[in-house]
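The same chain A turns up in both complexes below, where it pairs with chain B and then with chain C.
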Partner chain A sequence: MAISDVREYMHLTEEQVEELGRELDQIREEVEASRGADDAAYINRLIRIQRGLAAAARVTLMVTPHSRKTRVPGAVLGASLLGLAKILENMEIGHNVMHGQWDWMNDPEIHSSNWEWDTAQPAEQWKHSHNYVHHQFTNVLGYDNDIGYGILRMAREQRWNPANLGQPVYNALLATLFQWGVALHDLDVEKIRKLEKDPAEMKRQLKQIVRKGRNQILKDYVVYPALSGPQWRTTLKANATANLTRNLWSYVIIFCGHFPDGAMHFTEEEIEDETRAEWYLRQILGAANFEGGELLHILSGNLGYQIEHHLFPDLPSNRYGQISVRVRELCAKYDIPYTIGPLHQQYGQALRTIIKLSVPNSWTSDDKPPQPPAKPDAPEAPPVDKGRKSDAERPPRRSELGAWSRGKQAS
Partner chain B sequence: MLRGLSRDVDPVSAPFAWETGPDGRRELVGTRVTQCALSRICGACAESLGRPIAFVGDDLEVARNAFHAPPLHESCAEALAAVEPSWRVVRTAAFEFVRPTSEDLDRRPVFQPSALLE
Partner chain C sequence: MAGAGTKVRSAARVVPWERVRRAGSKLTTPLHPDDYLRLVNPLWSQRELRGRIEQVVPETDDAATLVIRPGWGWRFDHRPGQYVGIGIPVDGTFQWRSYSISSAPKRSGRTIAITVRAMPEGLLSTHLVKGLEPGTIVRLAAPEGDFVLPDPPPAKMLFLVGGSGVTPVMAMLRTMERRGQLRGADGEEGVDVVMHYSSPTPERMIFADELQRLADEHAGLTLHRLHTDTDGMLDLGHDEGGIDSFCPDWRERQTYACGPGPMLDSITEFFSSHDLEDQLHLERFTLQLGGEGGEGGTITFRNSGKTIDADGATTVLEAGESAGVGMPYGCRMGICHTCTLTLVEGRVRDLRNGDEFDQHNEQVQTCVTAAVGDCTFDI
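The block that comes next holds the complex of A and B.
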């Protein structure tokens, strides 16, 4: 739906939307003004812990395979430590550093310009596919390639195709091989399929992916196993387990961010005209949080605060918890949905959507929360005109990316 | 050609984020400005940004610490400023990408350097 059609937002006047924007600006300014040594200490400490875990894992896997007594427990311990290190590096460190959350420190190493992370996708391509395409066009069908990663039908507005019957299998493969799926993400499979991709650009990107992927494979499946000598197989299996653990974990966390039932999709075509306040609103309505303790939030890169991350992608992630209290209050004040639930519930809803949308819409019911009734104090009042076109006022349009089609036309 | 553009990119004669308008003047392309801001690529050469990050602008933009042109490599900024005498170069470690509000007469986003360097 277009922003103009979102019932949750239609009760707000233009002035109220702008006031909400000013209140969110105020939060941003306060956090920026108070950024300092404690925040720098947090990220430096986390990087030290992550590197310590990675070093301990590599040493454990080099030393323990040589004795029968220590081989199995050593492999389990090494794989666990390495998986943990990779999760921390990808989620709380790499992802957030590349957003520029720590650029203000002017640290030559911890900077969005030069951080390269421990996964197959080149950082440059991540910054395009994630920081730009996903964060600028959040949940906009036909624009945001994170909606189903080009292989899953994740919105009822997307046209059903018999190939969608395989979704449960594609989903399992995507989860298992997540780092490789992400590695290919910026190639934009849909553009390639429609022959719209510039061949020169594709060649340039493929070169980067092959180089980065080769280095990842060499590191985890050749060099470190070789350092274990005759017991190289044990280390290779442990490294593969660590990568699998990281893949499954990051897949679950990312799918909890935008696919639980409360997160909305949009077909907005006037994104260029969006005001800051409207952009804020779309971020709130299109994202979903999950609840948990501090450790869970750190291990998930603070993406349990997905709404706050989308509102302020370049503020330090360790502040999202405190920001979330105020954002939630604002949502209550302006009567805007704030989607949140336990991790298992949020992922369960995303999985249910994947399975349901593998068949035509008419076979299943929609799990999106019912739209709220009109305000009791203005039951007959028409929606506030914000000067933006609704879906009904736009010309019909269907994009083959995700093959979405609007409303009743979707089968 | 780079990043899907149908023309070659040259940091000075054909910078990524600008196109020549019908009146022969260079104009910023809004979508590319946003792309540079979020993808963290240089608005002139379209390669990944480095440290420090540089901005170019006139005296007013410098005084307001709010620039319309996207982030640049230091060397690209200096090369651009050399051919546009009214531009000054400002160096920073970080910047904020500020979208316009409905009250802004100028509906272009601006960049606010937030960790200025000497």
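The block that comes next holds the complex of A and C.
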């Protein structure tokens, strides 16, 4: 069972939760006020380095295969540079730009509304499935499709099915083909399985994915190999290696964000009528950090600061390090768990969960931190009117969003 | 400004640059070739129009002319009198202002010139006048504005100019001079221009020397100067120093006025009291606030054609929803940026921290902002 009442578990009163929310708001305000030329220089420099790496990789792979001497070292170098460029683009640049972390610069070339990243998924669909669904409904069972991506059983609360026996294999496939898994993510496999998906919308999304995916495949597997002439095979292999490297790396980083043992899952009831402070609290409890040096953090898009990223998804990533110091202090002050460990440990725990949950719950033990005993005499808390509209009072949430869908709406 | 790259196209070029770009983008997808080329030379990109400051020419103590070399995508086809947007990063954020182009349009041109006066409270104008080094890369927006010299120009014109309002008029005069349209000597064919130029002091008069030269060389240009610090403001209806004293035939002329708001207000009033508003053409270069007190206002949703009056506490998102606009939204709490829309015009306030956004075509989060005066959104 998911934890029945987040606040009770934390032994925090409603006032304490609100106070925590205010302190986090304070951090946000301070960071927002201090954004400036140095931050702008950081992202601009990173973009310059990333594009330089990509260009160097492509040129290396075009030139070096033609000599027997340089073919192998050139391919290794080219693939490494290209893999590195793709990782930087996807993690520290693309993901964070699309979160709106750099929108404050008012530069249309580095803006969430029109950034397109170097991977198969169209940016519009990512902004819906990730920025909205995943960040709003973080780790809420039945809402957040990032819990197992509709393929893996990642929470003991999810019902076991014999198909789950194949999880270790699905997991290996997902890691290898990660960019394609992500590309299909917003289609919402779960919804399609339940036949709840609007066919017209699915068709539109698929069309968009095909268009983007086709360009990506053409670039890496047709155009650049063709430019290497008779040595096209070398370039093709190097490009495939670069894509694979990026896939494996981003898979590992993303699985470290919410699947280590300390990260909790939540139920639909818990988020009903949730205040902003409670949302903050859920973000801290639902995410996990990993430790590392500056380079590791940049290569992982600063997602080692997953907790900070979930608290402030649209603050510049280069600030998460300094924010994390203050968030840890707050967690200590309010006695809230702050999940952190080395990268290998965090990924190891996620992998263990994948394997354990491929079989029924009764065969394995739970690795989640133990729940405190429920207070038997705790009175049923009366519902508090927090002055927010409930979902029923609002117009229905739009299932597809962003510029590409707006054409249809403008009537 | 998505799609700025496709905005500017030229069919008359010998090399089909658009096709080269499209072919190149197969190599750089999902980026444009320009995204890489601009790292080699900042001007080699037409995703966003760019320009390099070539020269900063001081005009007076507080005004300077910036000579800018535009990059790819600039067409040099602005009409005399139009203005351009110029964007420079201040503390990491691009700030935009519009300034009239003072140079004459020239298809073979390599540069444009804008003349900027540092305003006492204008952070950006001060920075442009005093802080810009030659070599700085700025962003540009395509020329705009209806305050333009007709082609061919009217036979008789009157310019009423105040302060740095001289810049669009200067572009008109230079254009007429270059095209030989300004009457050279008495008895010749050509346009007849009377110009009344108000400036606080002789020292602060921008383009004073050039205007003098133009007046000396052309019988068709009559120049009247007014130094408002010593002689008081222009009063068109006044018996002495009024419009009848320096331009008795003003009723037969097309009048172009550019200057500070109060000056333009009084000119408008004067012309409408004589029922001659049709002959008056105005350029305002000061911001006009729509709403009383600056809280709330009428929000216009441009594409759907819907409007709604919203108070200062209603978010743009909520207002749009009650107007029946299909507003995109996600978290409704300023996190996911799904609701981000283009603010075409007007000003909104971020309800979380009081920040105000009023840049032309700025991207704003509708779920946490409210209107400050009238504003228009692109949806």
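Just so we're on the same page, the second predicted complex is superposed on the first by the 360 of 411 C-alpha atoms of A that agree within 3 Å, B and C clash if a C-alpha of one lies under 4 Å from a C-alpha of the other, contacts with A are read in each partner's own complex, and residues count from 1 in each chain.
By definition in this document, contacts are C-beta pairs under 8 Å (C-beta built on N, C-alpha and C of every residue); 3 or more make two chains touch, one makes a residue touch a chain.
Since we're looking at a predicted model, the values are computed, not measured.
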Joint occupancy of chain A by chain B and chain C, clash or fit: clash
Partner chain in contact with A:215 - chain B first, chain C second, else both or neither: second
Contacts of A:322 with chain B and chain C, given as first, second, both or neither: neither
Partner chain(s) touched by A:55 [first = chain B, second = chain C, both, neither]: second
Which of chain B and chain C A:80 touches, first, second, both or neither: neither
Touching partner for A:345 - first (chain B), second (chain C), both, neither: neither
Partner chain in contact with A:40 - chain B first, chain C second, else both or neither: second
If touched residues of chain A are counted for chain B and for chain C, the larger one: C
Contacts of A:16 with chain B and chain C, given as first, second, both or neither: neither
Touching partner for A:103 - first (chain B), second (chain C), both, neither: both
Which superposed partner A:131 touches (first chain B, second chain C, both, neither): both
Contact residues of chain A, present in both the chain B and the chain C interface: 32, 100, 103-106, 108, 111-114, 127-128, 131-132, 135-136, 276, 279, 314
List of chain B residues in touch with chain A within their complex: 1-4, 30-31, 34-35, 38-41, 48-53, 93-103, 107, 114-115, 117
Touching residues (chain side chain C, partner chain A) in the complex: 1-2, 4, 26-27, 29-31, 35-36, 39, 47-48, 87, 89, 91-95, 303-304, 321, 326, 328-331, 333-338, 340, 342, 353, 359, 362-363, 365, 379
Chain A - residues contacting chain B, complex: 14, 18, 21, 32, 98, 100, 103-106, 108, 111-114, 123-124, 127-128, 131-132, 135-136, 197-198, 200-201, 204, 272-277, 279, 314
Chain C contact footprint on chain A (complex, rising order): 29, 32, 35-41, 48, 51-52, 55, 58, 99-100, 103-109, 111-114, 116-118, 127-128, 131-132, 135-136, 212, 215-216, 218-219, 223-224, 276, 279, 313-314, 395, 397-398, 401-403, 405-406, 409-411
